[in-house]
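This report concerns only the one structure given below.
Letters A, B, C and D mark the chains in the order given here, with residues in each chain numbered from 1 onward.
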């Protein structure tokens, strides 16, 4: 029982992997959710605990990297959905610059901040109990801690225009709100929606003005910088864009994942089920189901969209069932609703059933260093900018992990392929793709991080 | 990882209030659920944790006191539903005496045990790994710890026949299984499905044979005993019987309960919403919303079906939101799916909004004793058998709590009505009904339990 | 597995009731805790989950309203304790202005900010990965959201000096950090450590500069304002001050609370145990153990220190055991380690045992209004400033709830005492004290909040 | 609030790995704990939830496979400890045959059932509310589901005497209790305290009489059977026996496990810390810290006592921190209180720091079959009885996993050692010991289970 005064409630809800932030903000018994995720039970649980009714849902923009949960949450709570007016959504209510909404004593004001997408909005919050000053602003993918939103979705030709629009959104709309305003962006570090987000739990206009590299540039420098930015478009983005414009199919709770015995997994694989092994790369290397993909758990939200199709059911393999529910959440957040099940008993039940296994050899960086001059195909699967800015190992070939499956012709099947990345995790993904395609390969555990710590020589692309 | 052998899994799941037992039993990766409840997430969570697939659902009989969750659980898991063949169910598969099912290494064998209902079955479990002996038996409402199922559903005329059938089911089918067989009944102490269930977590054929009073009788004595048994038929039984024969509407998770402010509660009450205050009777007496019903939390499964209609939405009032989810579970288990919401901020928010309150005076048994000879209408709302067998307080009138609403004409409005029950909880229910109907009343906290502990005189109905 | 980069971790941990904020901040595997509470398992659990070692503990000042958990947490983790140098603590390490500490990539810099206490420090955080700008500042009891720390601990004569020091700490040390700096104070709304704290989850220098009323004043106005501020000193502050200077006795987990039956409670009350009934005031009014104190759950941290002694064991009474652990936490946080137990079965077991009960009548504000002109002693137990600034009900006498026990001589025993407060909760505390002392009294549910909502007349002390 | 009658409470608490069962049984607000484990918070939490006071603690015998938690639990709750009188314990109260104790309405009667140890007791429970028949019996290590307790602790010479005593305990004391009595043993399947325990959740005298192989024998056959039984004595038993006779040091909550970075782990290993890698064997094979031991999580309670010393601190390595608390529980249950910490960031942080790794090659049974005739040293590390009764692979040498470290001289260092067990888990333990000692080895994933499923030839020791 809160007996005195009216408490403002505020909660940041992070979806790991996607590094997606949604927010609940409320006052006096009502609350708004900003950019809800699709498995939206978390908002309802929070609302019951805090004893508030969710009445408003805001989408800062049409997202491309995950399925937004607005319809799901609205169906449960009866809340109204609002989004920018410069896109023809099949659901919800369009809002325009200056529209205001009352949520208890809070005033939420819509600010159009185009650039990342045409219809992007930010939402400025004022606490009317205290005064007219803006207290916080939800900036969606316009302004992050340490970076700004990507502007490459409309093609190279359009980038100058939309990058300029983003610059103006930031400098003419957001920064004038005042240095003391708390900034709540839609993504944190690790997101694919920007290049160099920092790890701060939250930030302020004043702090970003001083330290955000993108905000230290002139408009021209800013546009040039955005023109040169290299970011990837995982193929699942198309599905997300469609879902988030038209409305995704209703989820109604997580899908049911039946436990399958090895015989059933075997049979379903023959019927084209996709096996997703979510163990760490060292574990996968020590033994795995032939034909399975490896994406470590926390990597599923980021890499499943590169590796899995939407057409065939997914079978999950782990050590045990402890994290199956987490994996299901990761998958439905990016639209993978077709769950075939999971291997009961974990990977051990596979080999205990007398079935064949595949293995991949693992090397430390010292093992790699010792044979660097021998005959091998060294494959670097990091992002291009890591290669460009952080250097690479002598003799390496670069293919981004997400593109390995489509560039097998550039990887000689007859050679011993040795793969590295930043740390060894993306390497596991790449190795599983190669192994599935008949390659013999070795993963370097520790990757560039370990290579540098060991003090070994790094090639500088600018010099070479 | 369980590396050696094949573990049998077994779990008893109790739904409080209804004292309903459901069970999960399994082996080698598969499991059966016996008599699932409607909010069936608990079985699925258990199955994930134990890494088994739910493949079979058995209904020991068409239940009348709660909505069975078979369809709900089957929709999630794809399991098959089985029930007795002597009723025309609209779903599931009929089974007959001697049918056997394999669940891993377990053999589940159907035994027809009519009596409580015509199509009642028991299910005997044999562990084939160990031998041919029956290990445990699910007895539904045929045999309980300390009692047997009620046989009054077919009317007085049919009771001799069905009571005889039940006697035969027990003595010819269940007892011959052997003294060492573990008995898993569908209800525990507190259920309305039998008169005198004991509190044992589980029991055995041997133990019941020796100590269950009903099993000490001859066939004739048994039938006479059942003829004389007085049990109540709450009006909601009709709905349950219909639902459990035809199939209840899908639930798909708990209903959403919007938090309502006092103004909203006020408005909806005028639109015929039913307000259910689940606080304890002393709390309700200290202040409540005029027109609200009082059923203490754990009493909701047993008494909501006497008090609430299925036509109007229900608004829940408690101190806070801690137990709202529990109350929702209690309500949907007996088919109350129309949830209007709950009072945000708990009862305190009602009076803090400046709205009127009602109060009820409370007495200890000493307070009652002091004025017993004065002019008051002393109302005993316990079950009839408590009055008959445990005695009553001098001058009391008996009306069972469930029948108070229909017998107001027997309670003089102009008198001071003082109510007691076993302990004070059912008294709260009765008092709220009377108060809602304009009576002035007093509740005796502690009821007969306290009266006896205080050493006060108890009338013996056999003497008077 | 976080595979890329080094994540900053940050968590605000609120101890309800006390409205005390502690914080964990860390980077690169190490973390500091600011102002830990005494039941410090929460920090250790968080550290395991985030996989960081707690290496530093900072006390922003010698607290007077709760027992600090530094020694407790240090004993578990081996972390070092740091506090200001202008007090002779019996433990830990003194730090002075400008001292810096590395916690991963973060730099924590000590800023002396005296005023609330002589040795108060703030801690400015810079993220060295990003640049030299201060990111956030832990301000202890110097600067809150919406208010500043109290300055009345040294007596009226010293207030001008220490209020001036606080003004200087804020204007010369904190504000110059920059508008964009995030402010993390040691208390939120509801704390006794300031008068008018607002409800914001966090704030910034820039926002406070504009909207914090105390920061709109000149130095002279500020000192005058602090001279006129009326705040209470609960008697338990003395114990806290001693504990926090000398080091509190080790807790080693929560005390064991044995469940007691009514007979045992009866016996222990005769041996001077203090019974604390934590139900809401309406529930307490409907029936309670004669001689028990009533403090509603969330009020325990704030009012136990006014009501309970440290000499006698405490017996807790509630409806059930759901929140017993919460109550134990509340009690040990303010040094009440002598737990006698709790009433098993809740209050109902008391009256079911046939023991006497006390009741208190409850009124709505309408009930009060109807008899306002009759002969009663209307008692207002709110804080003095509520009386002064928000007005009162005609005819009321003011005694703050915390002072009722010491001012019984000012309350006529022969009159009907009708009590109100802001909402009805503090009224419960006061009523239980009066009832224990033989008064007949009535509590007004809803208090001033309901009175105003009902539109009834409020006296303005400035006019009267 | 349970308003009617007095509920019997009963809970079986399983400590995984050890397959140790403890029990809470109670009635009317009081409860007894049978054979509590050392991390005894679980009993206290249960007692608070069920609102009972723990007043009695019974030890069925002086355990040798885990540290009993009686003193720990008694220190918290004030309960009295009881154990058999035929051993000179340094704490608690001796009881003899026929002693009875009241726990609410239950009567607990001591039955001396020597054999497994001299002072072993069973405890028969009668519910006095219902009658004089025994309801359940706690049989300690005398009678299990499917087996009886081991009788080899006193040496070969004494076995006939103690086996005879056990036979008499079962046939003269336990079986006469009656077929319908529920049997609650101190261990379930997987325990080292018996040879062939079955997986039943609970059992009855009647069921065991029919299906327990040991109970089908004459006294002579029984003694001969026990004489021939081969069971292992892990070295940690000595410590347990001492602790459980003299009283173990107080635990006071789980030890603190500091997260350590790779540098710290490196340093501590040089100071003789023991590194325990709890990942599955395939994961360990894919890469591990040189010099670390591998025991998969659930195997820690069973195999740590063979592998780890009590002298040096233990450092835990896993994928992440999710199960660190579980591992700590496993370790303290067998007396390993000296925790050095755990590798922060899991195994990945080790290789990302640029440190060397070891790997072990893994084979499926098909890989083994293909080279079975080549030059390798095939090592079978299963229990001797598995070799004897279930057969072995042609050419294998047998050394039990627990004895590998002491029999290195029997394993040729110059050969390629290929290891198998039942499934592959114990193989991981053995491989880690060999690798640490400089061997090159290969683990066969799936072991004998997979070998048989694949249909490959098994040698019969009786034939060869």
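General remarks:
In this section, a contact is a pair of C-beta atoms (placed from the backbone, for glycine too) under 8 Å apart; a residue touches a chain by one contact, two chains touch by 3 or more.
Since the model is a prediction, treat every value here as computed from it, not as a measurement.
Separation of chain B from chain D in touch steps, taking the shortest path, is 1. Any chain bridging chain C and chain D, meaning touching each of them, is among A, B; the list is complete.
Using CA-based centroids throughout, the chain positioned farthest away from chain A is B.
Distance from the chain A centre to the chain D centre is 43 Å, each centre being the mean of its Cα atoms. Rounded to whole angstrom units, the spacing between the C-alpha centres of chain A and chain B is 48. If you average the Cα atoms of chain A and of chain C, the two centres end up 41 Å apart. Taken residue by residue, chain A touches two or more other chains at 1-3, 280, 319, 346, 348, 423, 425, whereas all remaining positions touch fewer. Partner chain B is touched in their complex by these residues of chain D: 1-8, 10, 127, 129-131, 133, 135, 146, 178-182, 189-190, 198-211, 280, 296-299, 422-423, 425. Listed in rising order, the residues of chain B touching chain C in the complex are 279-287, 319, 322, 346-348, 351-357, 359-362, 364-366, 423-425, 445-447, 449-455.
Contacts from chain C toward chain D in the complex involve residues 1-3, 29, 44, 47-49, 51-53, 76-78, 252-253, 256-261, 319-321, 324-325, 344-346, 348.
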